[in-house]
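Have a look at the structure below before the remarks.
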Amino acid sequence: MRLRPGLVTDYRSDAGIFKSVTQRVWFVLLIVVAVYLGGGGSLGPVKFSPDIMILLVYALFASIGALGLNIITGMGGQISLGHAFFLGLGAYTAAILGGVEQTRAGAGGVTEVVIRGYGLDMLIWLPAAGIVAALAGLIVAPVATRLRGLYLAFVTVGLVFLGEHIFREAKTLTGGAGNGRPTAEHRMLGFRFDEGGEVFGLYLSKAQKLFFLALILLLVMGLAAKNLFRSRVGRALAAIRDRDIAAEMMGIPLARYKLIAFVISSFYAGIAGALFWAVVGRLTAEGFNFLLSIKYVAMILIGGVATVSGSIMGAFFITFLPKVVEWLASLPGLADYITKDPSGMINTFQLEQILFGLFIVGFLILEPMGLYGIWIRVRNYWKGWPFSY
Amino acid sequence: MLALKNVEVVYHDVILVLRGISLQVPDGAIVALLGANGAGKTTTLRAISGILDVQNGKMTKGEVTLDGQRIDHLSASKIVKLGVSQALEGRRVLAELTVEENLRLGAHTNRRRLGENMDRVYGLFPDLKQRPKFIAGYLSGGQQQMLAIGRALMSAPRYLLLDEPSLGLAPMLVQEIRDIIVEINRQGTGVLLVEQNAGMALTVSSHGYILETGKMVMDKASAELLKDEDVREFYLGLHSGGDQIRSFAEVKQYRRKKRWLS
Amino acid sequence: MSLLQALLNGIALAAVYSLLAMGFVIIYKSMQVLSFAQPALMLFGGWWVVYFATTVSLNFYLAVLIAVVIAAATGLVIERVFLRPMVGKPVFAVAIMTIGLDLSIRVFAGNFYDVSPRSTGDPWGLNTFVFFGRLVINHRRVAAIVVAVAVLLGLLAFFRYSRMGLAMRAAAFDQEVALIQGVSVAAVFAISWALASVLATLASLFINPDLGSLAPTNYVLALKALPVVVIGGLDSIGGALVAALLVGIAEALTGTYQSHLTPYVGQNFSQVVPYLVMFVVLLVRPYGLFGTREVERV
Amino acid sequence: MRALRLHEVLPAGGESGRVILEVEDVHLSFAGVKAVDGVSFRVHTNELFAIIGPNGAGKTSIFNCISGVYRPQQGSIRFQGRDLLGVRPDRIAGLGIARTFQNIELFPQMTVLDNLMLGRHQHLNYGTLAAIARVGKASREEARNREVVEGIVEFLGLQPVRKSYVSMLPYGLQKRVELGRALAMAPQLLMLDEPVAGMNLEETEDMARFIHDIRWELGIGIILVEHEMRMVMDLADTVFALDFGRPIAVGTPSEIQNNPDVIRAYLGEEHGTAPAGGGAA
């Protein structure tokens, strides 16, 4: 069969993830590029600066979170603006289980716990972060699944504000606002991802180790999401998204599937939150605000709704946006107008937010399928080359 | 004269609903447009009123003219101002508003003669006159249909487009509506009447058109249509000769064989 | 502080919420769009009041008038430029797009403000209080209630008696019918946004009743009009008013008593009360207190 | 390759002539408006039961009551002896009732195959976790059900468009896909809501043949709502005529065609009289 690559002979391979050889080649190429990027410090001719490497790591972790949002919003059509809450739950769960305890000497020589932390292994805090977030999703879902469309969007906005309040007030767990608390450590069975060292005789920096960790996790979770999308569950979700009443009459229980989507989405968010903030190193309650939710919505909108690759593209886009803004600010003509402090006409942070907003607006009006859609169009163009138009 | 010439309408850029139809409504005449469900009758009216875009439709060919002037590029509100008004299928009264408010809405483009037109409508429909403050949603089906027609008349149109005014009404009410259409026409308004109820439509109209899957298949004086065998069979639901037409139960075997062989 | 005091503060708060909430409802009813951009419009309109009343030192009422005109124009422009291309797109997309708008406008407007809150001018005498026994009445709160009631009555009259108001109501119930009767639905959309923008500008005068000031962070306060609208039911003006009272009073009562009764839920708990009320209401009634249940047709 | 017959991929309806659906004295009204007013009828296996009546007569409302979308205020609906009132639509579908819709309710962003696979939803036996891992059971089940779906694709002659997106298909084909999706559910009762509305003669004939074959090969009960009288009269065993939600007659096609009440409901009272004077200008 290898000789006739376009031919499929059974239904199983027809339903495969990569339906054509081209797709398989692309995938392998992407992995090679990814490994090359990861090796950026030592292998290639171009050396990436450490902060670019860290941004790559962030982008990969954010991709997992964006995937989660795409499961509920892209796939299930349930607008969630509460992603920040679930990211936060994951981050705090990981921090509490995997972070270090902070104590102070109290009255009478008794040591008082200021911030709790159990210093557990990543094998424990990582799944726990996902599970706690998923459980929270399970608790919220009964309200959420009864609601349709915009009402759900609002409830999830409310979730973010309630979450922020809880993260601020549960001080022994979260350290409260401002100062915050230390996060979990990327440490698995004694292997430390958060400091440089030799792996199989090759020196890898902290960022490189994290990069490969992130890459593997993203591969696993991306594959899982892709599998989900092409299963009966994925089809049912898409059906609910497009025509819920008709879907119900096809025998699809609406509430159950909305709940499943909510729980899986929260799980992804929990995992992403835990991993992401463990790299950041410090957790403060203010981080998990409405803006963060919007960032994730922007990721899937800009990347492409209901696709795995769109989630990843969007996450990279949004993660690297500050870098682009920084670069803009350094251009000779613009440097006077874009500054880092509020004295200029506009500061970089503001420009970044405006760009978020405009990108969301622009993509919705001009390219509703996001970067993924652009990519498809480019691909289709080249497919027909040289006969295109 | 209100006229359509070779009009083609496409929905969602792909579904061709009207395949080049032409029809004419002379000044002060009643013209009937008949056809099965989905034949494109409502689409024809939408094309005249300029509201195709609401359903993602587009006129891709042909023209709509009013006294020779093209009106197909005009906005819906302009078309109403020029004197072409429509009562939509399914009555569509604004259920939460009062009778009077519904009528006032009809006068949106023609406010100066609101009182005069209101009197005319109340004259046609004494039922409505008795309860101007009544919430429209609580009116009976027949009264709602009258309100819908009355609302369309509030702009004092020269041409009134009626989409299935007898839909879902008891035979007695259908007759009442029929008489009202005649009266409206007597007062000088041209009427384009779209109907499933071919019997009713053909008895009031002077001329009839029959639309089938987007094409005009017949265009005759109403009296002739009423006598036509095919019309009697397809639109009045009467099996006439019966046997010379292939039965659906028989046609299958022949087709099926053809398919296996091909 | 007395119960009466809490109630009074609650009603004043409800007045502000209802001004913002009405803007949401008007836009929603006319075009089935939920606008997340209301808080941004509040900051934007409010800034012009600040500018004309304090920087240019115009008469306060004149300043408000100019700001209202600018706000209306802004609403029209936003509708024309950003919302019009989205007609027919899924409600979800449009809602998200208003979030994008909100972000952009907020940063844009926020750029005008200094780090410190800016005064919106003070025709009522800042911190003028009247004492009735232990009851303290702040002039600005009274003004909020008066303005909200007046605006409400004005809107009701507009919708009931004016030609355009009737057209807007008709478009809200059945766009196609409005269109077929010659109503320009585009004009209805534009006017809705202008109205919402004006209402948000008026709300900006009272959002901080004790200080009479405005700062970019106040958008969080304005965003609480969202749960109010949801509790009322997205398409009900009456519902928005009832919900505004419910939430305003609940928030004021919590603010007054919670720190003594339940200190463990944390400071500023009253700020999340609107969201909690929203959860509870939606749990019982998924379409809010007075929202229309969508009738499904297949 | 031998052509697959439909009954080789789908279960048959069982013994012929058994009552599967009993509708008794169903009343449904919306805000005081009566949509269905005291309707009773029975459908048997291997029966093609047609419901006719003018627009707004309440035909679709009856479908919606059976499907569980609307809950009638009064009356009972029993399917294979089981009361359907208050049962959720997805459960009713699971019991073996499938339907098509008046205004096509396909999932436009999915391929024809995916739409049909959605019809198989209740027959795909694997859970969410298996779906994520996609090993063993999930994969096997997908392949097994895909075979059923391919059988239906072949029966309906949809092979050339299997992987096309539904939104790109012409109206007539979409109607056919919708029939396929309902078939994929392997129903015991199939409800068809105006399957040939807006079709040309050739498409109508195709559809008539499919309905005919389904009925003879599977022997399931079929309820057909249709305005195309010729097809109804040719295909149906029993015709049930409705007007304003009220039953006016039930009987064989020839009985119905000659029933004066039915003729009146379709023609208006004065059919046959000369055109009234006022209109003729």
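Observations on the structure shown:
The letters A, B, C and D name the chains in turn, as written, and every chain counts its residues from 1.
As a working rule, a residue touches a chain if its C-beta (ideal position, glycine included) is under 8 Å from a C-beta of that chain, and two chains touch if they have at least 3 such contacts.
Note that the coordinates shown come from a computational prediction; the quantities given were computed from them, not determined experimentally.
With A-D and B-C as the two chain pairs, more C-beta contacts join A-D.
Comparing the CA-atom centres of all chains against that of chain D, the greatest distance is found for C. In whole angstrom, the spacing between the mean C-alpha positions of chain A and chain B is 54. Inter-chain spacing, taken between the CA centroids of chain B and chain C, is 44 Å.
Rounded to whole angstrom units, the spacing between the C-alpha centres of chain B and chain D is 29. Contacts with at least two other chains are made by residues 245-246, 249 of chain A.
Residues of chain D in contact with at least two other chains: 69, 101, 105. Multi-chain contact residues of chain B (touching two or more other chains) are absent. Chain A meets chain C in the complex at residues 77, 79, 81, 142-143, 146-151, 153-155, 157-159, 161-162, 165, 168-169, 245-246, 249, 290-291, 294, 297-298, 301, 342, 345-346, 350, 353-354, 356-361, 364-365, 368.
Residues of chain C that touch chain A in their complex: 34, 82, 85-86, 89, 91-97, 99-108, 110-111, 115, 223, 226-227, 230, 234, 265-269, 271-272, 275-276, 278-279, 282-283, 286-288, 294, 296, 298.
Those residues of chain D lying in contact with chain B across their complex are 3, 31-33, 54-57, 157, 167-168, 170-171, 194, 197-200, 204-206, 208-209, 212-213, 227-231, 233-235, 244, 257, 263-271, 273-276, 278-281.
Across the interface of their complex, chain B is touched by residues 88, 163, 166-167, 169-170, 173-184 of chain C. Listing the residues of chain B that touch chain C in their complex gives 49, 51, 54, 56, 75-77, 79-81, 85-86, 88, 92, 94-97, 101, 104-106, 108-109, 111, 151-152, 154-155.
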